[in-house]
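Single-structure report; data block below.
The first chain written gets the first letter, and so on, giving A, B, C and D; residue counts start at 1 in each chain.
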Amino acid sequence: MSLIPSKKRLAHIVFEHDDKASKAFDVTILVLILGSIIVVVLDSVGEIRVEYHKFFSVLEWTFTILFTLEYLLRLWLSKRKIGYVLSFYGLVDLFAIVPTYLSLFLLNTQFLVVIRSLRLLRVIRILKLGRYLNEAEFLKEALNASKAKIQIFIGSVLAIVLIAGTLMYIVEGPESGFTSIPMSMYWAIVTLTTVGFGDITPLTAFGKFLASLIMLMGYGIIAVPTGIVTAEMASAKNKISMANARSCGNCKFIESDVQAKFCKNCGEKFPQK
Amino acid sequence: MSLIPSKKRLAHIVFEHDDKASKAFDVTILVLILGSIIVVVLDSVGEIRVEYHKFFSVLEWTFTILFTLEYLLRLWLSKRKIGYVLSFYGLVDLFAIVPTYLSLFLLNTQFLVVIRSLRLLRVIRILKLGRYLNEAEFLKEALNASKAKIQIFIGSVLAIVLIAGTLMYIVEGPESGFTSIPMSMYWAIVTLTTVGFGDITPLTAFGKFLASLIMLMGYGIIAVPTGIVTAEMASAKNKISMANARSCGNCKFIESDVQAKFCKNCGEKFPQK
Amino acid sequence: MSLIPSKKRLAHIVFEHDDKASKAFDVTILVLILGSIIVVVLDSVGEIRVEYHKFFSVLEWTFTILFTLEYLLRLWLSKRKIGYVLSFYGLVDLFAIVPTYLSLFLLNTQFLVVIRSLRLLRVIRILKLGRYLNEAEFLKEALNASKAKIQIFIGSVLAIVLIAGTLMYIVEGPESGFTSIPMSMYWAIVTLTTVGFGDITPLTAFGKFLASLIMLMGYGIIAVPTGIVTAEMASAKNKISMANARSCGNCKFIESDVQAKFCKNCGEKFPQK
Amino acid sequence: MSLIPSKKRLAHIVFEHDDKASKAFDVTILVLILGSIIVVVLDSVGEIRVEYHKFFSVLEWTFTILFTLEYLLRLWLSKRKIGYVLSFYGLVDLFAIVPTYLSLFLLNTQFLVVIRSLRLLRVIRILKLGRYLNEAEFLKEALNASKAKIQIFIGSVLAIVLIAGTLMYIVEGPESGFTSIPMSMYWAIVTLTTVGFGDITPLTAFGKFLASLIMLMGYGIIAVPTGIVTAEMASAKNKISMANARSCGNCKFIESDVQAKFCKNCGEKFPQK
């Protein structure tokens, strides 16, 4: 193997995850993403920015240049270049590097604050972590299987939020902070989800009574999504154990323990798998 | 088919949901309801009302006239007219249109605010959405099966709220905001449901100790409704999968997947259902 | 039957719940308890007390005299009189009537406020409602079966509360409201139970970081009591269905549906129960 | 047995938990730990410290000397002395006694406050309680089995917290208290866990809308850890009851109660295990 790998070999390293070199590439990108996120996060803290701004600036340009090289590499190795550029991860990769370059031309302008904000979108890159997780499948499946039920549930919650918000707006009115129906709906969501910031609270006796009913209802319906997800998970676990269940050839006893070698009912030997 | 449908055909379109025309009617009404709700919600926001009041007024009259036509149509097509007028949806349909007409006669009067509030009751129309959801059955059944248990649970929670509220009223007194037993019960509900607004909080050491006990109790009993609903859901799912499980005629392998055509253990064809 | 029932008959009416007369007695007492509670609750509201104090006073004396009669009746009918007086419900019955009589002698004194508070203990009478609920058994059993696990859980939570409270006391100190370890533990309970009043919140960066860890931990352990109760409930439901499961006499197929008349595997008729 | 036990006997008493003497030793240490914790907790309360400081000081020195004796005893009895000193419990035992001695040399210095704080680390000793709990195994197993899933879940929550925190920082900005991304992430954790202190809340309309979405998401994902733990617990319970189920030799009735001696269906005696 020569020191400079072939284009085919490079494509394997960049796009696959099955040998040493490709895994090393994945881990490197991961570390760079995490590093760039930490810089963005720390740079947002006033006291830290004042002291380390120069250092962060250098780091940011380093990350940007490395991500630019990665972007160009992926583009060069892609068979369908337009497809990559317009794909979700392609756009995220692009948005992660563009703001830093833009900041060059927009220095000392009004738009700098917006640009600095836009740069923060880079955190979405962390979603790329998803590529490296196979074990998350179980959770995804359980959530997917309950998709229809969860949608109906969200729909019902929104209807309750609308009705509860409107009633509280009528009962409490602007003096208590329920200045409009959307504001009241925000309060209803804060309350139904049991977050309860306390920035808006009912002041009248009837408003407090109504709020109590809404809270008790929230207490009840918080059980529904849990019930849905749990039932799906238990059923998924069951499916696995059902798939492994065997019936004894002699006495028809059903055995769900995969490691059993003999029927625990009549002693008949199970056929080897 | 002539351009003007017969009365019988019209009744089918309005009351049934099984062909193209009737589904189109349903969707139209749905869009009108959602549109009218959005207008009511946006009109409640001060800044938006100031700018778009004229536009909203036009929209409101448009929706009211369309809902009036729908109401008259339903009335004309109903076989039992009094029955429709006095039914729940009949009353909701009526209350959705009356306030706008009333506002004509009460302009510039004291009652206008109340009328404007009454108009908001129209959001209850969204409950009509329930007509179009068949898949919500599963959730309803699980909640229904647990009805008795949930009632006992609500009863116990109310008893705890009463006792906790009274104790906190005795311990804390009016200085901390626990001005009366109903106010203390409101606090107890806010606390037991883990909403925790923070508008009323214990100030004395013993009050804080008592509040801690109430919170830990709330932490424990929040598990009960979840347990009830989950157990019902898991049992409903189990019943379905147990009812569908088949044993292969050749190798006795147990198959819980209804759509399987061949035994995945030995390849034997399952008899057609 | 004469108009004045015999002592034996009266004892049956008061202590049993199996015929018309005894049930009527139960319901009467229940209504009186609820009525007296409502009077106590309403009387605690300043504005209502000012206006209806005379009326509430009359009602209170009426309830007190009726409860006194009930107390004397129970005492007279009890075979073990000392046993009744010292029993839990006997003491509750006594404490429900004593405060009103005491208020006669203590009028216009400093102790009146304490007495008025003591009178509120009467709400504990609502616990007598428990006598009338048979269906609560299922919930009780599920909670009882998990008793040991719940105790360990409460113990672990208290240990976490102690450690979290101490750490926050060290990190934040009195300036942020964490004035002592018990106060910090109160904050830890408010936070771990996700109530979150917001009366005490961390102000330093490290305090906020620590609080975040405590909250995420609380998020995780909130699952444990729910898991315990749900597993018990599902298992209780399972036990019922297992108790009803039958094995087919011909092919040994296991049937959990009680209403099945024929084996759905081989068509063999099940013996009638 | 002589009055002074042999070294071997002492080692048994200190390290084992299977006879009267060793259990008495365990309980004594437990009571001392709880006592020392109560003193530390009460001493942190200003009003109590002022009055009882002398008394607490005496108690603290008593506990410290007793713990020192215990430490030396454990050290003397350990076969691998370095191993004990560097073990987790060895370090906790050391840290529980060192601060009190250090306070002798550092009296009236600046470091006294830090030392007093360090002394509080002693509460970690309560973790030793874990040694005495065998029944906690069930909970541990359920949590262990779900370890991988919980890790993925925590990872996803952190990613959501990062993205939600960054978005709120962009939308709300420093005026609303979202002064930096870490501060915004603290808010996101407070909100997603439904704690909701209310120390930082969105003020702009769009910020409130975004916060509503984050809360509804939190409402949904709160179901996931509960689902994971519950499914594991239900499966663990199922495994136990399935493994113990027997079929009656006479009537094929399935019995899941391990303690049953006769078939409750036909009276046939079960073979002894």
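Operating definition for what follows: contacts are C-beta pairs under 8 Å (C-beta built on N, C-alpha and C of every residue); 3 or more make two chains touch, one makes a residue touch a chain.
Every value quoted in this text rests on a predicted model; they were computed, and no experiment measured them.
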Exercise. Residue numbers at the chain B-chain D interface: does the shared fraction exceed half, giving same, or fall under half, giving different?
Worked result: same
For this session: Note the rotational component of the Cα superposition from chain A to chain B, reported as an angle of 0 to 180 degrees in steps of 5.
Result: 90
Exercise. If every chain is reduced to the average of its C-alpha atoms, which one ends up farthest from chain D?
Worked result: B
Seminar exercise, completed: In whole angstrom, the CA-centroid distance of chain A from chain D equals 29
For this session: Would you kindly tell me how far, in whole Å, the mean C-alpha position of chain D lies from that of chain B?
Result: 40
Problem set entry | Contacts with two or more other chains, residues of chain D listed in rising order | 182-183, 185, 194-198, 222, 226, 228, 230, 234, 247
Exercise. Where on chain C is chain A touching in the complex?
Worked result: 194-198, 226, 230, 234, 251-254
Problem set entry | Contact footprint of chain D on chain C as seen in their complex | 148-149, 152-153, 155-156, 159, 162-163, 166, 169-170, 179-183, 185, 191, 194-198, 201, 205, 208-209, 211-212, 215-216, 218-220, 222-224, 226-228, 230-231, 234-235, 238-239, 242, 245-249, 252, 254
For this session: Would you pull the chain A residues touching chain D in the complex into a rising list?
Result: 37, 40-41, 44-46, 117, 120-121, 123-124, 126-127, 129, 133, 135-136, 138-139, 142-143, 150, 154, 157, 182-183, 185-186, 189-190, 192-199, 222, 225-226, 228-230, 232-234, 236-237, 241, 253, 256-257, 265
